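Look at the two complexes coming up: chain A is in both, with chain B in one and chain C in the other.
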Partner chain A sequence: MIYLFYILVFPGILFLSVFALAAEFIDRKLYAKLQNRIGPPWFQPLADMIKLLGKEDIVPTDANARMFKLMPLVAFTSTVTAFFYIPIWGERSIYYFNGDLVVVLYLLTIPTLTFFIGGWYSTSLFARLGSVRTLTQLFAYEVPLFMGILSSALIANSWSLSEIAVFYAHRPWFWVSNIIGFAVSLIALVGKLEKAPFDIPEAETEIVAGSFTEYSGRHLAFFRLSIDIEMIVGASLLAAVFLPFGLEFSAPIAFIFYIIKVLFIVALIAVFRTIFARLRIDQMVHFCWKYLVPLSLLQLLINLILKDILT
Partner chain B sequence: MGLVDCIVNWGRIKSPWILHFNSGACNACDIEIIATLTPRYDIERFGVLLKGTPRHADVLVCSGPVTFQVEDRLKRIYEQMAEPKFVVAVGTCACSGGVFKGCYNIKGGINTAIPVSLYIPGCPASPKAIIDGVVKLLESLEEKEGKE
Partner chain C sequence: MHNSDEFRIPIGPQHPALKEPESFSIALKGEKILGVDIRLGYNHRGIEKACEERTYIQDMYLLERICGICSHSHSTCFVQAVEELASVQVPKRALYIRTLIAEFERIHSHFLWLGVAGHEIGFDTLLMYTWRDREIIMDILATLTGNRVNYGINTIGGVRRDITDDHKRQILEAMEKLEERINYYIQIATQETTIIKRLSGVGMLTYEEALKLDAVGPTARASGVARDVRKDDPYAAYGEIVFNVITDSHCDVYGRTVVRLKELLESLSIIRQLVNNIPEGPISVRVPRKIPAGEALSRYEAPRGEDVHYVRSNGTEKPDRVKVRAPTLANIQAVKQMLKDRQLADMPIVVAAIDPCFSCTDRMVAMKSEKGASVIKWQELRNYSIEWYKKHGVDFTELNKKLA
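Let's look at the complex of A and B:
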């Protein structure tokens, strides 16, 4: 019974969906405020979601119907699953084992692949272009993201997110040594979420809507929701690894700290979205391999030396 | 009308995504439509977003008369949109053919090709008129909800 509660209500599908829609609202409202606009009302993401659920589903005749319909659900499921391994109200998540950090990173890669497959099987030219760009971008940001996050696991001497949180919670000043890793991972996360300046795969001024060009109705609603949830999960991951504050308090206070940390990262992403314009795909790949990867290597080196001194 | 229909209709009223199509306008109406989308008028207040693909859009905003060239394309775009869908004709040309009426290459207003829900006259229609028109379209949806 309790497992069903975990999966369906808290911290599962219901909580995550509400939190994700709230985060999307904050992202859009902040974006509007920074552009000197009023912005959407608070229920806007919910209204978009309900409207899409109530619309007609179109599957193009040339598309592979089974893959086309399956991909939004796969994206949704994998992002929700990843959330169970991230500590949210204290030092431990509900499920943890040694190695869950790798599992979370793996589960966060699956949505990107579903964008590729969904776009590819919808057989529209724009969708295929968008899919190819999605994959190209994946090869650029994935390496710095992994190295940035794993180098902080190096000092903690564990591959488990909960163990890492425990380690940092008891040594509060260690997060300073990870600050380069935090910056690198945050930029790579923006690439993963396909937000500006890395929204090349769905650049609406060039290739209409990228992989989602042929999606409508319910399938599009699930894709949008899973992107929002991916934003929450990615932000929670960064918060758990790089911002180890407030974990030692009791559950409710630690939970409030967690919400504040996630919203802080969401706000940072919204600011990025406002102040940068879209890059070209080659500029993006160059930027990632020329600057982000060396920086994450530097972080790895710092952590190796630090670990040597400490032990 | 059941509770579910009420909620879905609420969602529809609060989140109209638009697609802009120029079916042969002199470009002045298009510029006014673009002006409507700028931060100055900020129609995201009403939940309006500009989408690039007909599959995502709920409202097709057309400007200009229908030329014989563009007629098939206009129909195809209309058919690619998912139900329920609405068409808004912006500008006098889109309403009736306007100054181009009777030209050798012109079929007429938008309603000669596809069904239109709302006409916004003006040459060109000003952003305020377009916003007023879209709000009226949404209000008519609300009235429909009351009647059923």
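Let's look at the complex of A and C:
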């Protein structure tokens, strides 16, 4: 029974959806404020969601209807599942085992794949171009993201997020050594979330909406919700690995710390969105392999040396 | 020969990158552009033909509505041609006011362009900022002329509204504010890495190509062609004003941005000179309704480049023929050249970089009359369009009766 509560209410689908919509609101409002606009009212993401749920569902005639309809759900479930392994209100998440870090990273890759498959099977030209771009981009940011996050696991000597959190919580200044990894992973996360300057797969002025061009109604609603949740999960992952503050306090205070950390990362992403123009796909791949990968390798090297010194 | 990995992607007639309907059919191989087919004609409104059915004064207001951005350009260009036909000496003060509005128009057009360019490269912050600052100039225009877009300040033989000392003060104050903002945008455009990455080297048009393809306006000037009607063939008050023709040697979209930004500063200096030196006197002279027979060609440097109006009169109060050559028609040929071997991602900004105005450009190439007549009467054209829409499911017959 308690597991059902975990999955459906807290920290599962209900909490995650509410938090994701709230984060979308903060992202949009902050983006608007930075651009000297008024921005949406607080209920706008929810209103958008309800509106989309009530709209007609159109599946292109040539599309593979089953895949087309299935992909939003796969994206939604994989992001929600990933969330259970991330510590939120303390040093331990609900479920943990040695190796859950890899599982979370794996589950976070699935939404990107669903964007590709959904776009590919909707058979529209714009959607296909978008889906190819999604995959191209995946190969650019995935390596630095993995290396950035795994290098911090190296010092902690564990592949479990909860173990990593415990390790860093008891050694409060160790997070400083991972600051390059944090920067690299944050930039790679922007690529994963397909937000500017890496919103190339959805570049509105080039390929309309990329993979999502043919999506409408509740399928689009679920895709949008899973992107919002992906943002939360990604931010939580970064917060758990790189910002290990406040975990030693009691559950409610640690939870407030967690919310602040996630919103901080969401705000950083909104700022990136404000101050950069969209790059081209070749420039993006170039940037990732030329700057992000060497930086993440540097982080790996630093952590290997540190580990050697410490043990 | 088409391989399986080559395909055509339709940008337009309806596409988020385009502000007006126009069709670009792009042959792609992966992300690389192999070729572009441009098809104009989705915005045809029959304005040239309609001009022949209206008096000169009515035409002036009609031509002002060719374009929402360079409205003053078209009306001034037409009025200049008519005044030449009628041999009217326009008062100095009127010419100064026309020039003043023209430069305001250039500023608001370039600001608008900068915002659109930002949007095309996914930099919406620039769009929001520039369009906010553009409001300063829109307010000034509304104060001076009563309107934000179609100013209606021209009349044949002068202008319709005078400017007061209070206006002068307001203008000079606004120019201070704008100068600060323009310098800020110049700083952003020349220093922000992602902007430079997206703009430089994109849409190359060499000096020779610009000459060969007859590019005009900022597009030509960014390729080093010092072509500016204001300098080459001074009209209105430009002969008495000191200003530079801005050119740039980058030959790419970045160069076009720099040229437009620097032109903004030149415009500010022109406006200051105009306001400080405006002569006293009447603002218009009376011109008879019937214009003597003859033909005239008028050139005008619109924000987007050289605008040409040809007017032929047959001695009545309606023109015999009006022909408009908007700057976009001259520049659209260059787009094909600019897009050669570029990536799909460059397409929106390359098209936007000529500051296209498709509604100015669209002309009808051929028109068949059912009776076999070579000249089509306005009423026939109108009936044809009503029939065409009826066939496509929209019935304007009732509306037509009401309007007739």
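Criterion: the second predicted complex is superposed on the first by the 311 of 311 C-alpha atoms of A that agree within 3 Å, B and C clash if a C-alpha of one lies under 4 Å from a C-alpha of the other, contacts with A are read in each partner's own complex, and residues count from 1 in each chain.
Simple rule for what comes next: contacts are C-beta pairs under 8 Å (C-beta built on N, C-alpha and C of every residue); 3 or more make two chains touch, one makes a residue touch a chain.
What you see is a predicted model, and the numbers here were worked out from it, not measured in a lab.
In the superposed model, A:250 makes contact with neither chain B nor chain C. By the document's definition of touching, of the two partners only chain C reaches A:274; chain B does not.
By the touch criterion defined above, A:204 reaches both chain B and chain C. Of the two partner chains, chain C is the only one that A:125 touches; chain B does not reach it. Once chain A of one complex is fitted onto chain A of the other, the partner contacts of A:215 are limited to chain B, with no touch recorded for chain C.
In the overlay built on the shared chain, the residue A:61 is in contact with neither chain B nor chain C. When the shared chain is aligned, chain B and chain C each come close enough to touch A:37.
Chain A has more of its residues touched by B than by the other of chain B and chain C. Applying the stated touch rule to the two superposed structures, the overlap between the chain B and chain C interfaces on chain A comprises residues 35-37, 126, 204-205, 208. Residue ranges of chain C in contact with chain A, taken from their complex: 7, 9-10, 15-17, 28, 31, 118-126, 128-129, 132, 192, 194-195, 197-198, 343-348.
Across the interface of their complex, chain C is touched by residues 34-37, 125-126, 129, 196-197, 199-200, 203-208, 274-283 of chain A. Contacts from chain B toward chain A in the complex involve residues 7-8, 10-12, 14-15, 39, 42, 44-45, 47, 51-53, 55-56, 58, 80, 82-84.
Chain A contributes residues 28, 32, 35-41, 43-44, 46-51, 53-58, 126, 204-205, 208-209, 212-217, 220 to its touches with chain B in the complex.
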